[in-house]
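Next up, some structures in structure tokens.
One chain, chain A, appears in both complexes that follow, with chain B as partner in the first and chain C in the second.
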Partner chain A sequence: MAATLRDVTTYDLKLAAPLAAGFVLFFVTPLAILLALSFQTDPQGGHYGLTQYVNFLGDRFSLGVLGSTLWLGVKVTALTLLLGYPVAWLHQRSPGWARGLIMLLVLLPLLTSVVVRTFAWVVILGRQGIVNATLAWLGLIDTPLKLLYTDGGVVVALAQVQMPLMVLPIITALGRIDPNLADASSVLGAGHWRTFRKVILPLSLPGIVAGCLLTYAAAITAFITQSLIGGGQMLFMPMYIYQQASTLQNWPFAAAISIVFLVSVLVVVSIFNALGRLSRGYANA
Partner chain B sequence: MLLTRRNLMQTALTLGAMHAFPGLTWAQARPLVFATFTGSWEEAHRAVLVPAFRKATGNADMVLDPMLSVDQIAKVNAAKNNPPIDVMLHDPGPALQAVAQDLVEPYPVEKSAYYKDLIPAAQVPMGPAPFFQVVGITYNPETVKTPPTSWADLWKPEFKGRVGITNLNSTLGTGFMVELAKMHGGSEANIDPAFKAIEALRPSLAAVAANPGQLATLFQQGQIDISPGNFNAIQILKARGVPVEFVIPKEGAIAFKTTIHIVKNSPNKELAFKLIEAALSPEVQATLMEEPYLIVPTNTKVAIKGELAKTLAKDHAEIAKKFVFQDWAKINEQRSAWIERFNREIRV
Partner chain C sequence: MSNTNPGTNPGRRIDLDALSFRIVMTAIALAALVLLVAPTVVVIWVSFTSGYSLKFPPPGYSLRWYAELWNAWQLQFAMMNSLKVAAWATGLSILLGVSASLGIARSPTLTAKVLDSLFLSPLVLPALAFGLSSLMFFSMVGVPVSPLTLVIGHTVVSVPFVVRNTVASLAQMNPSLLEASSSLGAGRWYGCRRVTLPLIRPGVMAGGFIAFMASFDNVPVSLFLRDAATDMLPIRMWQDLEGRLDVTVAALSGILIVATIALMLVMERVAGLSKRLT
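Up next is the complex of A and B:
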């Protein structure tokens, strides 16, 4: 009879076939075309070579754009973590009704479009915006500060726009921690701070890593927020690619810088992933 | 027919597929597709041009598919033999690119009833210009008490930290740079003086917008008080109650032809011709000149009236005098190098 029993521990791979086919058709194929395009030496096509990559990697300006984009991601991720972790912590420590409220507040931004949220920041950061108006009313400034079209403005706006991506994974990670562990820690004589540093923080690391990964990827590719808040004087990779592809119709160069961008992001992502693996080891130890 | 589960599924799937890929049902004949621009252009064309076309053709089927010039070119390029668009609308830069990439048919000038009535600048054999876009100085009358009279006013010390410009991605931004070059002894071939002028403008700059649409937001937010601006975009802001005014500087307004083209290999060439004829006709152009569209006509049979006569020019002779047309064939040669340079020099 044993032969007729189905092995319930393995699943039929055919179930994943539709999604896999979708991926091959709409993701792998365009990526292959993009890669092929990036080796064309001029927009008219014909010759193939590494010209576009040499142009990008040999140009300090282009490397500067790449560097500032990756650095922007770091700043946004750090700020989001700094502001997001306490929110997740608060959510964990609150009574039921407050949890629902905090969750709603965290999710609310996801229910409006990024464009709308970004325009709200234009209004907040403008010369006659909320920040400047408040500072002027308090008598702290005489002339409005320049907040819009500055690096700081972009970081703050992106941090708010991407906040849910950071908070949600951390809430999940904190929720999985057995509350008895914190009690045990204090019984053994550790204060609040020590409990947090030695018990809660290490155990929530997988959530932090996942949140950082999502926030980072979303922040560096946020074309709309970067261009609306950053303006024309700040150039980041998404706008650079758009400019080359759309305005200049220089598709090979645009393809090449997309590939360079993709590879750089993959490097950063694998660093995060390695950290994630380490942290899981830490959390299980 | 028996209503079994199987054939019910089949029917549902077929209907679903037809819905998901409407192209399936258009295998033979499809309606005329006109790729106009988004926003106020689409509104104007839907309200005035489409009805005129329907009347002229006995209700022929047509679709507006608004998109940016560059997207039009990309789409037609991707399917040259069976283009998804029949009629394209372009700013001067992209128009020349479309012609250079062999994407458009020459306009059948000899068949056209209106082509000869267009002002000379609008008579383009590869696609005539049914409208102009006009760029002058935009300012906030609440903070700028004496209306500016020259592009040079942007450099005045009182506008320190109040000036807005756009980068060169747009026709407006590039045209403005060319005008600056000309003011300081340069030309379409020699842009250096414009970059020097922009360098001198730096302390005055409150914003370098990533596209002209952002300038509108910046005026609304009081972020800038003065900038180069598109006449039609300003009219929309004004209609919404934003305090902005438009003036033509004494150097003249920067004018762009918006040209309309029949796409090569279009299956609807005859209808495409009729749509363009409608766009060139004095009736359509006269209606589009009125509120709220205020689109500058190119047909000399249209007498200029209303807001246009007040702010821009009272007749076609004055248009010829006050409007500066730039040499976009020359500009296109070096535009990518300029964009590159602008990226580098303006970056903070």
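Up next is the complex of A and C:
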């Protein structure tokens, strides 16, 4: 009887078969082909070797593109965490109506088209944009500043575009903290800053790690924002892959740099996952 | 209890401590919220300009660029394509994703865990690399790019949103409800249809909504898997923006923003969207 009772609450694993088959055919197989193609020595095929990887790793320009892409992710994630954490904190301690409003403001960018969001930043940062118009009106500048096509512009725009990915997991983590712990800390004489540093911040680490992982992965792969705000002079990995594959039709090299990029992303993801496990152990201790 | 609260403690140092903490955190949070909303407000604002450029502030206000959209057949055509592909990808994602979620959600086996990670992996892998690899795959097996390959590619990147939300809903479901329905004589399929599916419906709807938005907005997969005749809206807008700053795009963006807010509010009401995302 116990067996039949448990049976009705679980479903047959075979229900996952159609999607699993689809994924093997249209997701795993293409990635395997990508890997295989990256070992071709020339676009015509025939010979296999490590030529493409040697070309990539021996080329200062290519390594520079990879380095600046990974570094861009670090800058965006740091800025997003700095701005996003207080938003989650404010959401946590706000009355009901304000919570709803903050949630709407956080979700709206997440669901608005990336092209639309990026387009807004072109309008804000452009030569005739809001920032330059305001500074000129205040008499602070005579000639428009160059804001678009700069590193700072890309970082700020990406931070806005990806901020919901940071805020949402931190809201979840803050909601799980027992409010009595903060009270206990202040009863024992700790001030607000100290309570935040010693109690709230460590306990919300799982949310911070999850948010950083999502933000970082999204920032380094954000093709549209990188290319529209960064312009032609700044090249990041996604655009580099696209140029090699589409414009230059150099599939083996495009495949090799895709694999390098994929592996970099996976390494970062595994580091964050390991940190996440550590932080959960810490938060539950 | 109030005498233990440091806020009411007469010590001046602690008051300053509480005050400075709240002021700093609130100030950063408000600045961040302004940063979050500013782009949306700016797009809607400049879309009402009467001028020919996106100069700020606009020289005057009119609805001319919204009227212009009636004649912007390229944008309309691209929008129809994007809506069709997103509808197909969402439908397939819900069908395959919900079925797969039922299979893996309550199963303790290793296979289920592996499948769960597999189905969610498109969320972290660079979509551009996936788009390129799909193009290589289709060209290798001799299938030309078409709306079909586009729908397949979009389904792969949309289905994780459905799986994630459905698995979460199933995990929260009380299994004794199924035991109760079974002990009252309901068959497995009947129990699924009358108990499980109604209970997880909000989660499926929220997942489906996010999947739809993700597909509608996708550029990296579309870039590789569309054929020359199938123009997609985000790519069309992106290319328009690379060339010149077109005010028609601002008007279209305004419409998309309003539509997104409306859909979000509907989904919040029927599916509790915000609770599912935190």
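Annotations
Simple rule for what comes next: the second predicted complex is superposed on the first by the 268 of 285 C-alpha atoms of A that agree within 3 Å, B and C clash if a C-alpha of one lies under 4 Å from a C-alpha of the other, contacts with A are read in each partner's own complex, and residues count from 1 in each chain.
One rule holds for everything that comes next: a contact is a pair of C-beta atoms (placed from the backbone, for glycine too) under 8 Å apart; a residue touches a chain by one contact, two chains touch by 3 or more.
All values derive from a computational prediction rather than experimental measurement.
Overlap between chain B and chain C is detected when the two structures are superposed via chain A.
In the superposition on chain A, contact is made by A:Val122 with both chain B and chain C. With both structures placed on the common chain, the touch criterion links A:Ser246 to chain B and to chain C.
Looking at the superposed arrangement, the partner reaching more residues of chain A, out of chain B and chain C, is C.
In the overlay built on the shared chain, the residue A:Gly67 is in contact with neither chain B nor chain C.
In the superposed model, A:Val269 makes contact with chain C only, not with chain B.
In the superposition on chain A, A:Gly49 makes contact with neither chain B nor chain C. Using the contact criterion defined above for the overlaid structures, shared-chain residue A:Leu108 touches chain C, although it does not reach chain B. Of the two partner chains placed by superposition, only chain B is touched by A:Leu235; chain C is not. For the contact definition in use here, the residues of chain A common to its chain B contact set and its chain C contact set are 119, 122-123, 126, 128-129, 227-228, 246. Residues 4-6, 13-14, 17-18, 20-22, 25-26, 28-33, 35-40, 42-43, 46, 53-57, 96-97, 99-107, 109, 111-112, 115, 118-119, 121-122, 124-130, 132-137, 140, 152-153, 155-156, 159, 163, 175, 178-179, 181-183, 188, 191-192, 210, 213, 216-217, 219-220, 223-224, 234, 237-238, 241-242, 245, 249-250, 253, 256-257, 260-261, 263-264, 273-274, 277-278 of chain C are the ones touching chain A in the complex.
Residue ranges on chain A touching chain B, taken from their complex, read 61, 119, 122-123, 126-129, 146, 148-149, 151, 227-228, 230-235, 239-240, 243, 246-250. Across the interface of their complex, chain C is touched by residues 4-5, 8-20, 22-23, 26-31, 33-34, 37, 82-84, 86-87, 89-90, 100, 102-124, 126, 128-130, 133, 156, 159-160, 163-164, 168-169, 171-172, 175, 186-187, 189, 191-193, 196, 213, 217, 220-221, 223-224, 227-228, 237-238, 241-242, 245-246, 251, 254-255, 258-259, 261-262, 265, 269 of chain A. Of all residues in chain B, those touching chain A in their complex are 68, 70-71, 73, 97, 161, 165-167, 169, 206-211, 214, 217, 221-223, 335-336, 339, 343-344, 346-348.
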